[in-house]
Every structure is written in C-alpha cells, then in structure tokens.
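Next come two complexes built around chain A: one with chain B, the other with chain C.
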Partner chain A sequence: MTRAWFVPGWMDLVLLLIPIPLALATVAWILPGKHDATGPRVVSVAEVRGWEVAPLWVDARSAASYERATIPGALNLTEGRWSEQLPTVLSQWRPERKVVVFCSDEGCRASETVAGRLSGMGIAPVYILEGGWEAWQEQ
Partner chain B sequence: MAGAVIAWLRRLALVLVALAFAVAGIAKLSDPAAFLAVIQSLSWFPSWLEQLGAAYLPWLELVVAGGLLWSTSRPAASRIAMGLLLGFTLFLLVAAVRGVELTCGCFGEWWVLEGTLWPVVRNLVLIGLLFGSVKPKSAGKSFHNGNE
Partner chain C sequence: MAAAALLLGSHGVLPGDDQGADSADWTQAAGLKWNPMKVEVPAELFQESAEARFKFHNDSDQPVEILSIRTDCGCTTAMLEERVVPPNGYGEIRVVFTFEERTGLQERITRVATDADPESADLLLTTRIPAPLLVTPDLLQWQPEEGGEQRSVELVNQTKLNIKEVNILSREDWISTRVEEVEPGRKFRIQIDPDPVEDQVAVSLGVQVQFEDGQEAVAPVYLLFLGSSP
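Showing the complex of A and B:
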C-alpha cells in the first residue's frame, strides 16, 4: 500500500538533522563580539549616567516593546523599519552628542546590528548599552 | 501530449519552489545578523532560540531546495517545504494580529515586502506551486512518491 505523500518518513528526519551542525557553526560566528572587534563600544548604564551631556538613546527593540515602555527620550530604530525611522534619528543627532543603542537584554543582538549600521553611516560615537533595557530597569 | 505538458509544468513548479528556497536561504546566510535582528525585533523567543533559529532556518531552506531536486529526498523535502511555508504564513498572521509591524526577512534584503499581505500572498503562491507539483495518485506514479 502506498503511503500518502504528507506522511513523514526517515528521510524527513535526515533532512531536518543535516542543517544542525551548519547552524551551530553559524551561531558560533554570529555570537556577540565574535565577528566585529572594531564595532561600537559597549557602555554600562552607570557610565552613561556619568556623562555630562545626555546621549541620544536609540531603542532597537520592536515597536510594540518601545511603545510599552522605553528610556525617556529614546527613539525607536529597528532593522524592519529602518528607512521609515532613520530620518527621525538623524534629525535628532548632533556630532557632539553620543548615541547609545539598546535592545532588550544581554543576549539580544539588535542593538549591535543597529549600532553597526549607524557607525557605517559615519555617525560617531555610537555605543551599545550593556544589558540593554533590562539593565536600565534594574538601575 | 497533454500529459507531457502537465508533467513539464509540474517539474517547473517544483524547480520554482526549490529556487525560492535556495534564494531565501542564501539571502539570509549572506547577512545572518540582519535576519537575527528581524527575529529579535519580535521579542517572542528566548535569546538562545532566536540565535539558533536564525542560523538553522537558512540552512534548512538550502537543504530543502536541494532535496526538492533529488528524487529520493523529494517527498520529504516537499513535506518540510510545505510545513515551513505554512509555519511562516502562520507566523506572519500572528504578528499581524498582535499588531507587530514586521518586515519578514524571508529573502533578506534581496526581496523586501513590508507588512503582512504580500509576504502571505507570496507564501500562498509557493504553497500552490508545491501542491501543483503533486501528481494525483490515480494518474499513476506520483512526482512525490520518489523511492519512499
């Protein structure tokens, strides 16, 4: 009796397993700090609070998270809505004003990506908030 | 004659789906951090799962693309492809319902479709092509029967 085409077989498992070692290798490459040693510097909440001039905060979390709560004055800038949100960030940025990008917590990568793109555009200095929004709330 | 044309169209549909998966996988792998950022922008999953998912999905798409073109693995690859397309579509719909404005990142920056409608339409077209490549059992050996 012929099996219906939608019933899984051993080959399904083989195909699902093949990408695992490749994925693990990719994860090792994209882990924080593994691929870009010259990127924006990481800064702590305490360090930022010590600055004389308040930085331009850039919230790299989702629009939904941003709307729920964020650091006062922060602007939302995400990969998904980059072209739409970037003009607002650029209008607020001045060369003498430091930019601090943050995302949700220690493990998130969105702040690195956004900070990297801002740096690539010639915006400097750009920093990444250590521990992100979670660290800000704790302090 | 008509049978040959239909068989040829089925093969074409399968190649198009395989091509779409290959392009999607390569696009994501060309900038894994960007795809990871798309997943992270949702804030739905723990960090380790976001990283693993962002790394696993593109490779799976490439494996599926290759699997669709090889008769032995074609049935399994088409099942996984169908699962992925349905999963991606559900993912987009849930994001829309939750009010998350999402650029799906399906094809990296190579084919950006904002919002929910067009990525869902694109997925439905691919699902249609995948279904179209299945030969009815009553008509003889299925394209998807392979060696399983």
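Showing the complex of A and C:
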C-alpha cells in the first residue's frame, strides 16, 4: 500500500512541530536584554549617567593613555596585559554590577575585544561605551 | 588611536622592487597611492611580533606631507623614513605589532593623514596568533556559601609537540593544586583546592608547561571568590 507524500502521519506531525519551539527559543535567546548570549550591548554616556548604580568602568586603552586621564574609578584592562590586570577588575566586580568598557573613540575596537573576552568568561552584564573616552569628555 | 613613532631617515625615493608594479595594484587614499593597504601576516607558535610594510607612491606633481600616523593600540608602532614625499616619490610605512598576551584573530589599523586629502588612509595588518595551550574554563567562580570547594580545569595541548612537564605558578599558599595527566603529553586536569575565604578576592594561577623540545608556555587561570562585600 502506498501513501501520498503530503498526507501527514503522526510521526510527520511530530517532525513538523519540532521546529516551532526551536524557533521560539531562538527568538527568546536573541531578544535584546533578555540574554547575554547576544554579547555586549552598546550604551551611550547619557544612558550610563541615568543608571542608579554606577557601573564598573573598564578602560581598554593603553596603560599610557589610562595613566594620563581616565573616567574616575576606571580600571585598566588591555589584551596585552590581561593576566596582570584582570584580577584587579574581577576583585571589584559583583554579579549584579554592570561593567562598561571603553576605549579612545568611535574607531577604536579594543573595547569590543575586551568586552567580548569578559563576556566569554561569564562576566555579565557587559556594555561598550559608545564613542569611548572622547564621548565621555564631550559630555 | 595612539600616536605612532616616526623614524625620519634620508630617503625620499624607495629603492623597492615594486616600483614598476602594475598600477592596478595601487590604491588611492589620503593623496597617495598605496600597495598594499591590507596585509595578512602569518604567525607561528611562540612568535612574539608581526611586521608589515605598506608602500606608497606620490603620483602627483606636488609634494605630499604625511601629517600624522596613528595606530589603534599601544602594541603597534609605525615607522616612516621621510615625512615629505616628493612628486613621483616612493616610501613605505613599516608597522610592527607586538603580540604580548594576545591570541586569536587580530586586526591592527594604522591611520595615515596627509596634507593632500582630508580623508585619511587606513592600513590594515591582520594576523591570527595561535595559542599553544587551551585552558577551560579559564575563570572559576566561588559563591560566598561555596567555601573552599574543590574545582578543576582542563588543559589541552594545541601544538604538535608533546608536553613534558606541567607546573602551577602561584603566589597563594592557601590554594593547593594537583595536576593529573589525562592523555599523555596532550591533556591534563588541574585540581584546585582553596581554603575558604571571607572577603572577595581574585587571583590568577599560571599553568606553565614545558614541551618536549624545551620550549615553554604559560596559560593563566583566574579564580574569583565572591565575598559578601567586594
């Protein structure tokens, strides 16, 4: 006995239904603010200033730039001196405390790299400051 | 961007092989022709830096002055022989990227501004730095109520060489460690057994290995003990 390919049996229905919860789970996963799997989010200076609790500032610029001037309370963390600097950052972090990483300006990518590495280690929530140090100074 | 070092020399014309290269290979930017503007540099295990040379040519009838060269990281230096490029003159910018502790895909941008064009030229050095060791996870966290529970991390050798010896570098006498060989020369388990702590503290341990050829590598493991107050 043959069966038309488009007539669903019970197994076909199960197979057809499997993608639905998968798709829903994927949408929930990528919704902004719902899950950190989307990686660090970009925030503006104004947005951070509106937060009730000050974040943990992480300055991803070079040590020389950091020593010249930085956001008050910021800690220096660069890829090049990661193992030396990370313990200081970790000692100031709490699971509920937001971390905001910045570098020099819009064109600088160090903040993305550092924020990505922190997120990858399970530090959350981590944000990237839009416009970096330049934007902070302008405001 | 960090200001790059400028090494001024006496050359206005570069005696390179590429001067007669096909003009199609040259890209116009910042009032100069560049060849190349993007360089992918292969990196070997244990290599400490990568270098790229970006040649330029002034094909105009006016001199072009290089006003600034800025790198995107303190880890990169850019060197130039002559600031002013005469008409039909050639030159090059040598970029050296020092890896320090970096691994994985790296992109370093050197931005060059001239008096010939308000738009700057972005020179890209790309490299993928191999990591000889992989430690997972590289951050272990203890909640305040977890006291001094024992945890472990896995060390995987990502090279073709076998590991002869593993040592744990630590300045913390309240953390004891033990190394177990899971797969000879290739995979190890490191048991970490801390004493309970009250205040929040973060420390790092160094997993130091010696390969069969005598070369050494160190991979860090970070330990975070969350206290009731930071």
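Points worth noting:
In the analysis below, the second predicted complex is superposed on the first by the 102 of 139 C-alpha atoms of A that agree within 3 Å, B and C clash if a C-alpha of one lies under 4 Å from a C-alpha of the other, contacts with A are read in each partner's own complex, and residues count from 1 in each chain.
As a working rule, a residue touches a chain if its C-beta (ideal position, glycine included) is under 8 Å from a C-beta of that chain, and two chains touch if they have at least 3 such contacts.
Only a predicted model underlies this, so the values are computations on that prediction, with no experimental measurement involved.
Chain A is touched at more residues by one of its partners, and among chain B and chain C that partner is B. Legend: residue contacts after superposition of the two complexes on their common chain; A:A64 is shown touching both chain B and chain C. By the touch criterion stated above, A:S91 is placed in contact with chain C alone, chain B being left untouched.
Looking at the shared chain after the overlay, A:G73 reaches neither chain B nor chain C. Residue contacts after overlaying the shared chain place A:V114 against chain B, while chain C stays out of touching range. Legend: residue contacts after superposition of the two complexes on their common chain; A:D105 is shown touching both chain B and chain C. By the document's definition of touching, both partners, chain B and chain C, reach A:R81. Looking at chain A, you'll find residues 61-65, 78-81, 104-105, 107-110 touch chain B in one structure and chain C in the other. On the side of chain A, the complex with chain C involves touching residues 61-65, 78-83, 86-95, 104-105, 107-110, 121-123.
Chain contact summary for the complex, chain C toward chain A: residues 1-2, 72-75, 98-102, 107, 109, 111, 137-139, 141, 200-204, 206, 220, 222, 224, 226, 230.
Here chain B touches chain A in the complex through residues 29, 32-34, 36-38, 40-43, 46-48, 50-52, 54-56, 58-60, 62-64, 67, 72-73, 75-80, 82, 98-103, 105, 134, 137, 142, 144-145, 148, going by the rule given at the top.
If you check the complex, the residues on chain A that touch chain B are 2-3, 5-6, 8-9, 11-12, 14-16, 18-20, 22-24, 26-27, 29-31, 35, 60-65, 78-81, 103-110, 112-114, 116.
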